[in-house]
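All chains are identified by letter, namely A, B, C and D, in their written order; residue positions are counted from 1 within each chain.
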Amino acid sequence: MTNKFKIINDPVHGFISIPHEILFDVIEHPYFQRLRRISQTGLLNLIFPGATHTRFHHALGAMHLMFTALETLKLKGTQISKEEEKAAMLAILLHDIGHGPFSHALENMLMHDWHHEKLSLLLMNKMNEEFDGQLSMAIEMFKGNYERKFFNQLISSQLDVDRLDYLKRDSFYTGVVEGNVNTQRIISMMNVSEDELVIDAKGIYSIENFLTARMFMYWQVYYHKTSAIAEYLLVKILGRAKYLVSTGKVLPASENLSYFLHKNEFEKATEEDIQRFTELDDNDVIQAIKFWTKSEDVILCYLCTCVIQRQFPKTIISSKPFDSEFIQDKIAKTNLKFGVDIGSELVDQISRDLLPYNAEEQPIYLLQKNGGKITLDHSENQILSSFINQPNTKYILSFPREI
Amino acid sequence: MTNKFKIINDPVHGFISIPHEILFDVIEHPYFQRLRRISQTGLLNLIFPGATHTRFHHALGAMHLMFTALETLKLKGTQISKEEEKAAMLAILLHDIGHGPFSHALENMLMHDWHHEKLSLLLMNKMNEEFDGQLSMAIEMFKGNYERKFFNQLISSQLDVDRLDYLKRDSFYTGVVEGNVNTQRIISMMNVSEDELVIDAKGIYSIENFLTARMFMYWQVYYHKTSAIAEYLLVKILGRAKYLVSTGKVLPASENLSYFLHKNEFEKATEEDIQRFTELDDNDVIQAIKFWTKSEDVILCYLCTCVIQRQFPKTIISSKPFDSEFIQDKIAKTNLKFGVDIGSELVDQISRDLLPYNAEEQPIYLLQKNGGKITLDHSENQILSSFINQPNTKYILSFPREI
Amino acid sequence: MTNKFKIINDPVHGFISIPHEILFDVIEHPYFQRLRRISQTGLLNLIFPGATHTRFHHALGAMHLMFTALETLKLKGTQISKEEEKAAMLAILLHDIGHGPFSHALENMLMHDWHHEKLSLLLMNKMNEEFDGQLSMAIEMFKGNYERKFFNQLISSQLDVDRLDYLKRDSFYTGVVEGNVNTQRIISMMNVSEDELVIDAKGIYSIENFLTARMFMYWQVYYHKTSAIAEYLLVKILGRAKYLVSTGKVLPASENLSYFLHKNEFEKATEEDIQRFTELDDNDVIQAIKFWTKSEDVILCYLCTCVIQRQFPKTIISSKPFDSEFIQDKIAKTNLKFGVDIGSELVDQISRDLLPYNAEEQPIYLLQKNGGKITLDHSENQILSSFINQPNTKYILSFPREI
Amino acid sequence: MTNKFKIINDPVHGFISIPHEILFDVIEHPYFQRLRRISQTGLLNLIFPGATHTRFHHALGAMHLMFTALETLKLKGTQISKEEEKAAMLAILLHDIGHGPFSHALENMLMHDWHHEKLSLLLMNKMNEEFDGQLSMAIEMFKGNYERKFFNQLISSQLDVDRLDYLKRDSFYTGVVEGNVNTQRIISMMNVSEDELVIDAKGIYSIENFLTARMFMYWQVYYHKTSAIAEYLLVKILGRAKYLVSTGKVLPASENLSYFLHKNEFEKATEEDIQRFTELDDNDVIQAIKFWTKSEDVILCYLCTCVIQRQFPKTIISSKPFDSEFIQDKIAKTNLKFGVDIGSELVDQISRDLLPYNAEEQPIYLLQKNGGKITLDHSENQILSSFINQPNTKYILSFPREI
C-alpha cells in the first residue's frame, strides 16, 4: 500500500491523481502495465519524432479527464454516486486494454476478426473475476448499457473523454499545434439534461473549434500521406510474414509472435491465445522487423528496411482516385528496377476518409438558457458546423523511390 | 532529394530546420536512425510515464540550439564561417552517436571499458570515411581541439547546448516543470570574448536559474530514488545474465545481444563488434528481459519481473550512509522471505552525488559592460552561485518489498 | 546610448530584440511612448479582464515578427538589403502611430473623418523630418508603394505581421485559446515568388487554421455581443458629450479632450490639432467618463455609469435583423422605466459582419513544389478554404436591464 | 441574475468559476469594480511592457486558487463546510480591496499612515453592513482570528494563495519565466494537520522551487534597479506635489486627487475620505502627472517627464552602500547641469532587501509519511532551504542622465 503512487506526472494535464484504491490495483495489473510498451500512435514517430507516447499514458489521461468531467457535472447539480464515479473511471481506464502491438494497424492481423473492443471486453471480464466483480458496473458502461446514458457518452461518443485525451495528447507529442484541443474549456461546458450529455449553449465555439482541431489532426497527422503509408507497411509486413510462414518458411520471431504468425483460427479465443496475446507488445514486432531486414525474401526484406532505416516509398496524394494507367506505369517501372515481377506487391493505392462532424448519429446537443436542446448545426451562433458534416476522402499512391 | 524533409516538428523547440545538405545525409544514416530506438532516459518512463523520448530527438534538438546560438553570436558581431557552422552542427548532432541501449546504465556492461564518448568518436571516424572527410572539422570540435574554443564549449561545458536541450527536453517529457530551462533566454545572453564563450552580465539570473533547475532535475528526476534503483536494476540484470552465461547457462536473447553477453574482451573493437553494436537498441534488451522473467534463476527472474511488471523493490533515501546493522537486518529478512541465501544479492546501497555549479574547472564567465570578465560567483548581483558550488550526496537503500 | 534597452520581455513572443539604432530612437519618441497609454482592445477588458495590453506592445511584437519573417525569407534565398530590413521594421513599428484613445471606437469622433491610417501617415511624415528622412523608405512601404510588393504585403494584407501579432496577442491576453495563432509556423511557411508573398504548399493547414482562428476571435471576442455593445457605448458617450457641449453645456474634461469636444472642423489638421492629439490617451477619456457619471444629463450619466460600474445593458444576438415591433416594445418599456422619453436613445440595434477569407481581393497564394502558384481555395489539399469565403452577419440588440 | 457571468477567462489559470451568488454580488460592487482601474504592478509596465494587469484580475485569480486549494484539502479528508468555503473565498477576494492607485508606492502618501490592510478592513466592514453580515466570517479569517488556523494561513502566510497568484501572474505578464510558479503542483501538495497548513513531504522540491522563483521575481522584477526607481519617482512626485500645494501653489488634478493633496489629517477616516478614496484610481494619478509635465516647478516637471516620456534617471546597483563622496560628486554635477541647486533633490540612494525564506516566523512545515511534522530546512531532502534563510540587501543610486 505504501508503495502505491497516488499522483502521476503528466506533461499534458499536469498531474493525474488516483482517488480510489481499485484504480491503483487495476493500474498495477500486468495487463495494464503492458500498455507501457504499446505506443499510442504506432509508427507515427517516424514522421513526428516526438510521438513516442504510450497507450498507458493515454489511458491515465482519459481517466483524469473523466474525473474532471464528473466533478464539473456534480458542481452543476448532477447527482453522481461514488460507485458511478469509480465505475466510469474504471471503464475509461480499461477502454483500450485489449489493444495489441501497433494496435490500429495490426488488430486484425494477429487475431483474425478480433477488434480491440471485443478483446478489451474479454480482458475486462477476466479481470472482473480477479477483482471479485468490482468492475461490473464499469463493464456495463463500457458496453453502453448503463441506464444513465451520459456515462456511456462520456466513454464513447463524438465528445467522449477518450477523444479529448488522445487528440490533445497526440497534438502535444507530435508538436502539431493546430490540433490542440482545450479540454479544460470543453469539459467546463459539459452538462447533463435528462441523463444525456449536452453542452452549455455558450460553449458552441469551443465545440466547433474542437471539431476543426480534430479535422486538422486527421489530415495533418493520422492521414498524413507518409503516416498512412507507414501504417500500411506494417500491415503488409505482417501479411507477408504470415504468408511466408504458411508456405513453410522459417522466420525468426519471439515465441509469442511466432505463435500468432502460425495460428489462423481464432473463432473462440483459447486461454493460451489470451495468455500469449497479453504478453505481446511493440518490442516483439520491432525485433522481428529488425531480424527480417535480413530475410532472403525480397519483398519482406524491402518492406522491413523501409521501416527500420526509414527509407519510405515515395507517396503522392490526390482528392480523386489515381488513374489505372498511371498505376500500371509505376508497377512496370518497379518491375524494371527490381528485375523481378513484384511491382504489384510494392505499388499501393490506399484511401482515407473523414467525417468531421456526424450530424446524423449521436449529434451534439446544446443546452439553451431556457432549458431547451438543439443540435449544434441548428444553433443561430454556429459558424462552421453546417459546413463540416460531409465526409471528405483523399487517395494516396505509394511506390518505390527512384523508379 | 525531393523526399528529404527540411523541417521537423518538435514539441519542445517548435520547429527544427535542417539548413545544410550534409546534415540530412547524416540524419538518414542507419547509425543515426538507430537512435530512434534508444530512449533518452532509459527506464525513467516507469516513474515518469511521459518520458518516452529518444536520443534521436535530443540530438536534433541540440543541433537546433547550436544553430540558434551561432545565429545569436553572429548578430552580436562574432565572425563564423559556413564551414564552422556546419561543423559545429554536425559535431553536436553526432555527439551521442556512440550510445548503446539504455546508454548510461549499460555502457560499460556491453563493451567493457568503452565509454560512449570513445564509441562516438570511433563511429564518427567511420562515418567520416563514408562522407569523404566532410566531418573532419566536426571531429576536431567534438574532441575539444578546435582552435576557437567557444565552439568546443558549446559542445561540451557547463553551458553547452547538449545540457540545454536534455534538461529542457527531459523536464518537458517528465512533466517536472521545476526543471524547465529557458533555452531561448540563455542563448540570447551568450557572447564571445577572445574566442571563449561568456554570458552577458545582465543574464546572470537566467544562469543561476539554469543551475538551480538542473539541480532540481537531478534530485527530482535522475536521482529520484526509484529512478536510481530502476537504472541499477538494469545493470544488475545484465551482470547476472553475463554471469549465468559464463557458467554455461543458455539465455534467450537476440543474436546481437547474445554476442555481447558472451564476449568479454574489447581491448580493440573489431569490425564485427562495431557492426553488431550498431544494430543493438532498447528493443533487444527489453525483449530479453521479457524472456528472462521466465528464467529458472531466482535472482534473474526476480530482477526482470521487477522491471517488466513494475514491481520495484522498496527504497529509502538518506543524506548519510546507512548503518551496516540495518543493512544486515534487511539481508537476513530477505533470506527468510526467499528461503534461499540471496539477501546480499537483492539488498543494495547506492549513492548519487551532484555538484550544482563547478566553480573550479571551466567556471562560467560574465561579460561586463566595460568588457571585463568575472566568474559567476564573483558578481555583485549573484544570489545563489556562491551557495551551490559544493557537492551534495544522497544514499539510497533498496530491498525486496514486504520483508 | 548606454541607457538604451536592447532586449524587451514579451510574454507572447519571448524576447524582442531591437537590432537597429534608429528603431530605438523611434521607440523613445514621445509619439511612440504615448502608445503605452492606449489599450490595444479598448473596453474589451471589461469582458475579458486579462485584455489590458497596449498598442505599444503590439507595435513591438509586430516589429519582432517582421524581423523573423525577413530572416526566414533570407534563409530561403530572397535578397533583402539592410536598408529594406530597417524600413520594413520601421513601417510596421509605426503602422499604428496615428491611433488615438480607444482607437477603433473613437477614431471618427475626435477628429471627424480622420482615419487612423491617415493620421499615422501624417505623424510618420512629421517624424521623418525630425529623423532627417530616415523614414522615407518605410513610408513608401506603409503606403503600399514600394516596388518589391512582398514588403507591402507583410505590412498590410490577409497575412500581414500586424494581423499575426494582434490575433496571437489578443488571444493570449483574453485567454481565448481558440484564437491562438502559431505565428512561428506560419512565418516559417512564408516565401517570395516574383517579389510577391506566397506560402509554401505544405503550409496549407497552418493557413487554414489561421483563418479559422481569426474567425473564432471575431465571433468570440471582438464581436462578442457584450464587447460590441461596450465599444458602442463609448461612441455614444462621446457623441452625447459633443452634443451637450454644442448646446452650451459645460462638461469637465482634460484641456486636450475639451478641445476636441468643442472643435468640429478638421478639414486640414492644424499644428495645434496634432500637438493636442498626440497628448491624448485612454486616461483622458476614462477620467472624463468617471466625471460624467455625475452629470445631470440622464443619458450621459446612464451611459457612463454602464461603463464605470460595468452595468451593461442587456443584449441579445441573432443571425437576422430584429423585428421593428420587438424593438418598439423595448423602447416603450425603457420610456416607462425612466419616466422620460429616452427609449430611442437607449435601445440600439447594431450589426457586425465578417468575411473569414477574402478569395477575391488579394487571395493567398500557395507555392507548389514545381514552382507554380495556386490560390488557397484551389488547392487539392484544402479542407476549409472553400467554405469560409462568404461573409457572415450577426445582429445585436441592446436595451436597459430590468425593463 | 441572468446577466451575471459565471465563468471568467483568465490566461493565467484558464478559467475562473464563481460558484457562489454572494461572490458575484461582491464582484459587481463599485468598490471591487474600481480595482479594474488599479494596476497590479504600478509602473513596472514601463520596464516590462506586458505587465498591465490589474488588482481586479489578481483578486479573482487568488479566489480561484483558494477554491482549488479547498477542493484539494477536502479530497484529502479535511472537513470544510460550505460557510467556511464561502468565507475563505470572500476573504481572499477582498484582501486587496483597500488598495489605492499605485498601491504599494503611494499607500502612505494619499492617506498618511493608512496601510492598505487597514483600509481593506475598513471597506470590508462597510460592505458587510450592505451585505447584512454575510462577510463576517470572511472578516475573521482576513484578520487571522478564525479558529481553524489553516484558513488564515491560506489567506496570509509564506505559502498563501495571494503570493501564489501574484507571483505566477506577475511572472506571466512580465514574461520573466524564471519566476514562474507551478501553483497547481504546490496546491496539490497542501494538506492540513491539526488545523494547520502543511505540505506533503514529497512536495519539498516544489516548495524550494517556489522560494527560489520568488527570489528571482524580487531581484529581476520588483527590485530591478529601474523598477525600484520608477516606483520611487512616483513617491517623489506625490511628495513634491503635496509640498507645492502646501506652499499655496495651484496644481491641476481631479477633484478627488486634489482633496488628498490638500488634506493631511487622517487620524480617523471620515465618510468623505472613504467616499473620495474609493473613487480614486490610477487614471487620476496618471492624468495629474501628464498635466504636471508642464509645471513651472523644475523638479516636479523633471520628475513627471521622466515617467511620461520614460526618460528615467541613470541607476547603478551595488551590494554595499555607495560612498558619500561619490554621491556628493553626482549632486555637484547635477547642480551644474541644471544650473540650480537641486542636486540633492534629484540624486537618490535607496535600498531593497529580501528574506527568501523566513525560517523563524511561521516556518513551512512538511508532513511526513509517519504523520510527524518537520520544518522545511530540517528535512533530509532539502537542497536549498538552509541557504536561503538569510536576508539579502542591494543598494541603488539614481541620478540624472548625462551628468
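Please note the rule applied: a residue touches a chain if its C-beta (ideal position, glycine included) is under 8 Å from a C-beta of that chain, and two chains touch if they have at least 3 such contacts.
The UniProt protein names, listed by chain, are A, B, C, D = Phosphohydrolase.
Since the model is a prediction, treat every value here as computed from it, not as a measurement.
Of all the chains, the one whose CA centre sits at the greatest distance from that of subunit C (Phosphohydrolase) is B. In terms of C-beta pairs in contact, A-B outnumbers the other of A-D and A-B. Work out the mean CA point of subunit A (Phosphohydrolase) and of subunit C (Phosphohydrolase), and you get 43 Å between them. Between subunit A (Phosphohydrolase) and subunit D (Phosphohydrolase), the centres computed from C-alpha atoms are 49 Å apart. Chain centres here are Cα averages; for subunit A (Phosphohydrolase) and subunit B (Phosphohydrolase) they lie 32 Å apart. For subunit D (Phosphohydrolase), residues that reach two or more other chains under the stated contact definition are 14-15, 185. Viewed as a contact network, the protein chains are fully connected, with every chain touching every other.
Contact residues of subunit D (Phosphohydrolase) toward subunit B (Phosphohydrolase) in the complex are 177-178, 180, 182, 185, 205-206, 208-209, 212, 215-216, 219-220, 317-319, 380-381, 383-384, 387-388, 392, 394. On the side of subunit A (Phosphohydrolase), the complex with subunit B (Phosphohydrolase) involves touching residues 3, 8-12, 14-15, 28, 30, 33, 36-37, 39, 45-46, 48-50, 52-54, 56-57, 60, 172-176, 254, 279, 283-284, 286-287, 290-291, 308-312, 314, 401. Chain contact summary for the complex, subunit A (Phosphohydrolase) toward subunit D (Phosphohydrolase): residues 2, 7, 14-15, 17, 19, 75, 184-185, 188, 369.
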